[in-house]
Amino acid sequence: MSTVEETMALPPAKPKARHSFTLWLGLVLVGIHVAMAALTLFWTPYDPGSMSGGRLAPPSWEHWAGTDRLGRDFFTQIMIGSRIALIVGTGAVAIGAVIGVTLGMLAAFATKFWDDALAAALDILIAFPTLLLAMLIVALGDSASLFTAILALGIAISAIVARLTRILAKRVLGQDYIIASRTSGTSWPGVVSRHVLPNIWPTLSVNFALQFGLAVIAEASLSYLGLGAPPPNASWGRLLQEAQGTVYTAPIGAIAPGIALVTLVIGMNLLADGLRDIGDPTRKRSR
Amino acid sequence: MSIVSVENVSFGYGRDRLVLNDVSLTVKPGVSIGLVGESGSGKTTLLRLLLGLGKPSAGRILFGDKVLDAGNRGFMRDYRRNVQAVFQDPYSSLDPRQTVLGIISEPLESLGIAGDHRQMVIAALEAVGLEGNILGRYPHEFSGGQRQRIAIARAIVARPQLVLADEAVSALDLSTKVRIVELFKELAAQVTLLFVSHDLGVVAALCEEIVILERGRIVESGNTHEILKNPQHPYTRTLLASVPRMSA
Amino acid sequence: MSALLDIRNLTLRTGAETLVSDLSLAIEPGARLGLIGESGSGKSLTSMAVMGLLPKNISVEGSILLDGQQVVGTREGTLNKLRGQAAAVVFQEPLTALDPLMKIGRQVAEPLQRRWSREGRRLDGRDLNREVIGLLEEVSLPTPERIAASFPHEISGGQRQRVAIAMALACQPKLLIADEPTTALDVTTQAEVLKLLDSLVRESGMALLFISHDLPVVSQIVESVVVLRKGVAVEAGPVGEVFARPQDAYTRSLVDAAQQFDRALEGVR
């Protein structure tokens, strides 16, 4: 192995690295949706169910995004869609993370036989188209509820997370500092929490951000196909479905949910990109 | 009374793939001992067994008068308080996401050692020639030699009786190597050293006693000075003759 | 006679950092030079510069004349013809220097065939086999047929390094560049490989550029040395002179360090 040198002079503490533009843009985009969603918890421009305007009215000062075919304020529905999308994304990723990281960690520690068996099972699960898998699970449930959709997506995500966790954890476990930790008297659970998780977290968190966006799109697809709740508690996917018939006369019905969906998913992807830069240990500054 | 003694230890996968074959040695307090061998000699395996990271296939390892039982948590806690290690690669032996304070204080926390951990870490840093004000820094901010010092600080912070060094200077530049060997010499006043290395020169500079391993067996052992002057076993002679000298 | 390798005022920079500064050295045909440096000294970069194999982000100033051909700023096509013929390299890490998915025989055959085709001849079939085995025997590999049929991971580190040397030799270069060729090897293997290198270089009349941080190793195989520190040559001269009476402070500290371990081996503490 090549040799390393020593300089007794300590390098000066590096100045804090400027966070990238992508990170800020991502935060802003996602932040807008989070703000809207939070707002809906106690206030919306109009009561969601009230038919306050003309039918399919175009955007105006009273109704920023116009009205739907029953005269209900469209902007309100978009805002509610944000809330639903965030719930779906967070829920699916949370479920996927908990199941996936646990399984992946177990696989990393398992004996070859169990590790191989699990890896094979995960591969099969991953190969299954997410949407079909989700539809299958939803069909097994008794109703097309939001929860079933979140659960289905969570399971699909968990397979990918498990695979990733397994590989990342194995790589970390091969490092000398793990042996050093054991020699220091740390128990295996201690090693996992103190060394393995922090070292795999940066890559995992980026992956979670990406899965968030995918989950939102997947749920929108499911709703579009009719497996979601109807308005006024509709997700953007359902709104898109409803807009199909009137897309030429009232295009705002498709454009608004489309913009909302795109900005949230792109925002999350940019956030993921920015997070990846933050997670680089060589950019960490000393405290 | 020895700190650690290895009694007729063998380790291997299957009948004829013995990595260690009937190895015995005694580590006496205050007597630094060098374990010399090339690749395939079994020295790495022996080190792992001494660290409780595996069980011998035959024979036993004694800590004081008790048998080393890697599965017994109470026993291992006590053992690890007294036996620590420094590894070869300064880039892979420090967790890149931990601060210097976190790295060095880990043994203190995991072994449940009482006292002001921060102070003990600073004392350990000073003992290895580093300043106490680097606690908040991360490994990537340091050079290879400095990282190795941090690793050594981690090994001595719990004031163990014995420090096992696994090729601890092999990856270092010549001038750094000399400095770290000097450091080990200073520390040898407070801890006993078991130094595993393929480098006879380093072992000769550091260790009073020497054990030479070839393909899992001890071929020669005893006082370093005497063995270097009068190597008995042909392998020892070959080893000695192979070391390149300045006086060409 | 003009020098085989003539480096003048070589400066290597990447961005704001200067890696090698104003380096000059010359190697006559058949001569052996040791380039001594610790990590960060720029020694490996220098050897890569000689071969024209520096990464794109490193800027090169100065002149490198290899067998009369300027290397700095030269087209890849011209450089390609130069490599192997004028100079060949043996690297430090035998594990990564060989293709893990190719049998040894095939890997050794490659430079052999290239050299033959350069001379306008073809080499294949039984003749190729014969040459490959012959080359493996030249580097003292005990069972050349078995080794030619093996993959790199099936043979030992020392054997792999011999194969790497064989591949370098297959080109019949005028200059052999050995970059820390024995650092990753066991002490006894190191001694054997050094002896091999020594005899092969002497027999073929090749020039040798031996790069290492290990002073005793260098002293055994070269006639003169250049000591590099952080990209600057701090001392140069015949190896016996430099090691016995180092002029520069840094060289002195290196020599002292090496002698310390030497003395320990002699039993003097």
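The letters A, B and C name the chains in turn, as written, and every chain counts its residues from 1.
We adopt the following convention: a contact is a pair of C-beta atoms (placed from the backbone, for glycine too) under 8 Å apart; a residue touches a chain by one contact, two chains touch by 3 or more.
Just so it is clear, the model here is predicted, and its values are computed rather than measured.
By number of C-beta pairs in contact, chains A-B lead all other pairings. Compared with subunit C, the chain whose C-alpha mean position is the greatest distance off is A. Here the spacing of subunit B and subunit C, counted between their Cα centres, is 34 Å. Computed centre separation for the pair subunit A/subunit C is 52 angstrom, with centres defined by C-alpha atoms. Subunit A and subunit B have Cα centroids lying 47 Å from one another.
Residues of subunit B in contact with at least two other chains: 144, 173-176. Annotation for subunit A: residues touching 2 or more other chains are 1-5.
Within subunit C, the positions touching two or more other chains are listed as 38-39, 213. Residues of subunit A that touch subunit B in their complex: 1-8, 10-11, 13-14, 175-177, 179-187, 190, 194-195, 198-199, 281-282, 284, 286-287.
For subunit B in complex with subunit A, the touching residues are 51, 53, 73, 76-77, 80-81, 84-85, 87-99, 106-107, 110-111, 129, 131, 134, 136-138, 140-148, 151, 154, 170-176, 179-180. For subunit C in complex with subunit B, the residues that touch the partner chain are 38-39, 157, 186-191, 194, 213-217, 219-220, 239-240, 243, 253-255, 257-262, 264-267, 269. Those residues of subunit B that touch subunit C in the shared complex are 38-39, 144, 173-178, 198-202, 204-205, 225, 228-229, 238-248.
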